[in-house]
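Let me give you the structure first, and then I'll get to my questions.
Chain nomenclature is as follows: A, B and C, assigned in order of appearance, with residue numbering initiated at 1 for each chain independently.
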Amino acid sequence: MADFEARGIPTVGVATTEFIEGAAAQAKSLGIDPALVFIPHPVQDRTDDELKKLADDHFEQILAMLVKGG
Amino acid sequence: MTVLLDPTSERSPTIRPRLPRPESLDGLAIGILDIAKSRGDVFLHRLGERLSDRGIAVKHYAKPTNTRVAPLPLRQQIAAEVNLVIEGLSD
Amino acid sequence: MTDQLPQDGLVAVVKRDCPTCVLAAPVLGDLARDAGLTVYTQDDPTFPETVHGRVDDTALNISHRLKVEVVPTLIRFAAGREVERTYGWDRSEWQRLTGVEGLGRDLPEARPGCGAKNVEPGVIERLKVRFNETGLRSRRIEIGEDEDEQEAMYARGWSDGLPLVPPTEERVLSMLDGTARDPQEVLGLVPPVLAAATVEKIAVNAVMAGCKPEYLPVVLAAVEAVLDESFAMHGVLATTMFVGPVIVVNGPVRRRIGMNAKGNALGQGNRANAAIGRALQLVIRNVGEGRPQEVDRATLGNPGKLTYCFAEDEEGSSWEPLSVERGLKPGQSAVTVFAGFGLQGVVDQKSRDPESLSRSFAESLKAIHNVKSAPSCDALLVVCPEHHRTFRNAGWSKARLLEELYRLCEIPGDELIAGAKGIAEGGPPSLAGKIVNKFRPGGLMIVRAGGDAGMFSGIIGGWSAGGPRGSLPVTKEVKP
């Protein structure tokens, strides 16, 4: 993610809530403030329909991270 | 951990700020990068559908393996082909 | 026990790697046994064998707290405070301080001590950092273990494009040892953001540039010079033209720090030349936030904006150094900064007299910026030793040469009018019939530099708005 931003490409990362602390630690050690959206853990055992619904539920939130004022 | 002294005027925060975002998504292309963790593909594909429904150009990419960072040629290709990136799913 | 000093009693600090400490070991043993002496050892915890309860101070914490400078040091405490101390071995001193008679009967009367480990270069800085006594005020930036230091500095925008020396607290402390000035002294406000250039901030950038501490006074003088109002640093930075600050160094400091005034003086390979010029540019970039394609609007710029600093070749010159010409005393170390760019070479391998050589110079000078532009910018003429010899042999002072060059740089206005010579660039028709000089009075400076072989001098062109409306060269003394 830091690599894309370094190349001038605004980026948003999507992660599960399991990753919240890990993301914070990585961000701190790299001195960056990445745009992140967290979806509820777990993900591996969800059905296709459940995953599509998660995508729908978080769609606006993800887009907001890619525009000004979002 | 190394501690360095700041050579600057210290007017800006120590954390590197995010890039400024565009005013709107009109006319821009979004790249969706699947970092190859389980079930991310379904989630990301749905995001892609929703974007296309909105008339926003979408390109899908995938990392060959989730254990390493995306290879340089892939990163360069993405940076050349799209204006914004959604990357996921990390857990 | 290791961190506790006695409220009342005797303390000694020693190291094995000190012949005087070894010599005094039996006395230390006696005092430890009979007078309650506590002995701290700086290097080898098995020394001295004569003292059974010796304390390991290889971490040097106690030595640092006690501000030991020489070993052996012997200290007497009373009521929790130090009463007195002595160092080295001196029988009468030791007997007086301890109140014990008959010490070291087999030893000589006195023997000087050795330097203590805790004040060795590098060590003292580490200790100050450990004890948070650095007095440094710059914000601390933590670079995580995941991050490469070089990439971290690049990512934060600190670099001029080349790798930097990471400015750790120890390195900056060492750098500040290169000056007697207070780290918080403010030299001026750096454009465009007008942030304070403290000695400390300059030191941080000097570390990154690759300077040694002994270069710092020259860097400080250069920063002072560019922040002088008459240099017009903001304009020099923001211009679309080519220029950046060029630093010429005069005086004894050149040799003391090993600068290059001879072969390839304007090129690469000399640490002082390269690092001093680079440090100035990094201060402009990092403290002032002057960066290309931001406030720095240079169309092309020039390679000298990475670094452009050299020493004048004063030894054996019949001309006074630039700093003396500009009003400083002979023998004073000084820097002169000039808003300049590039190097236009002047090849003249045939002129045997000063008149002919002057004409070579003048024809090249008249081409700076554009043959049609006059008055044009200021210029710095760097005369190589073989060319200087021609003037010296003819008895031409620098003033004489300047006078000749000014005369030769008079240009008929008709040649300068826009359209003349088929060139649209140029001046108004009112120039017809007039004479215009390429340079403003005082706009030409001359220094000698370069290797002894080769008849190749150089012209460093200036900034169009040179003069009181633009940038003036500034000379500042190098202060310790």
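In the analysis below, a residue touches a chain if its C-beta (ideal position, glycine included) is under 8 Å from a C-beta of that chain, and two chains touch if they have at least 3 such contacts.
Source: prediction; values computed, not measured.
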Remotest chain, chain B as reference, centres from CA atoms: C
Dominant interface by contact count, named by its two chains: A-B
Inter-chain centre distance, chain B versus chain C - centres from mean C-alpha coordinates, in Å: 44
Between chain A and chain C, centroid-to-centroid distance (C-alpha), Å: 48
Where chain A and chain B are represented by their mean Cα positions, the distance between them in whole Å: 9
Multi-chain contact sites of chain B, meaning residues that touch two or more partners: 14, 16
Per-residue overlap in chain C, given as positions that touch at least 2 other chains: 141-145, 152, 155-156
Where chain A touches two or more other chains, by residue: 31
Of all residues in chain C, those that touch chain A in their complex: 141-147, 152, 155-156
Residue ranges of chain A touching chain B (in the complex, touch as defined): 1, 3-5, 7-16, 18-19, 22-23, 27, 31-35, 39, 41-44, 46, 48, 51-52, 54-56, 59, 62-63, 65-70
Residues of chain B defined as touching chain C within the complex: 1-11, 14, 16
Contacting residues of chain C [partner chain B, same complex]: 136, 138-145, 149, 152-153, 155-156, 158, 166-169, 172, 190, 193, 195-196, 201, 204-205, 208, 282, 286-289
Of chain B, residues touching chain A in the complex: 14-25, 30-31, 37-40, 42-44, 46-47, 50, 69-70, 75, 78-79, 82-91
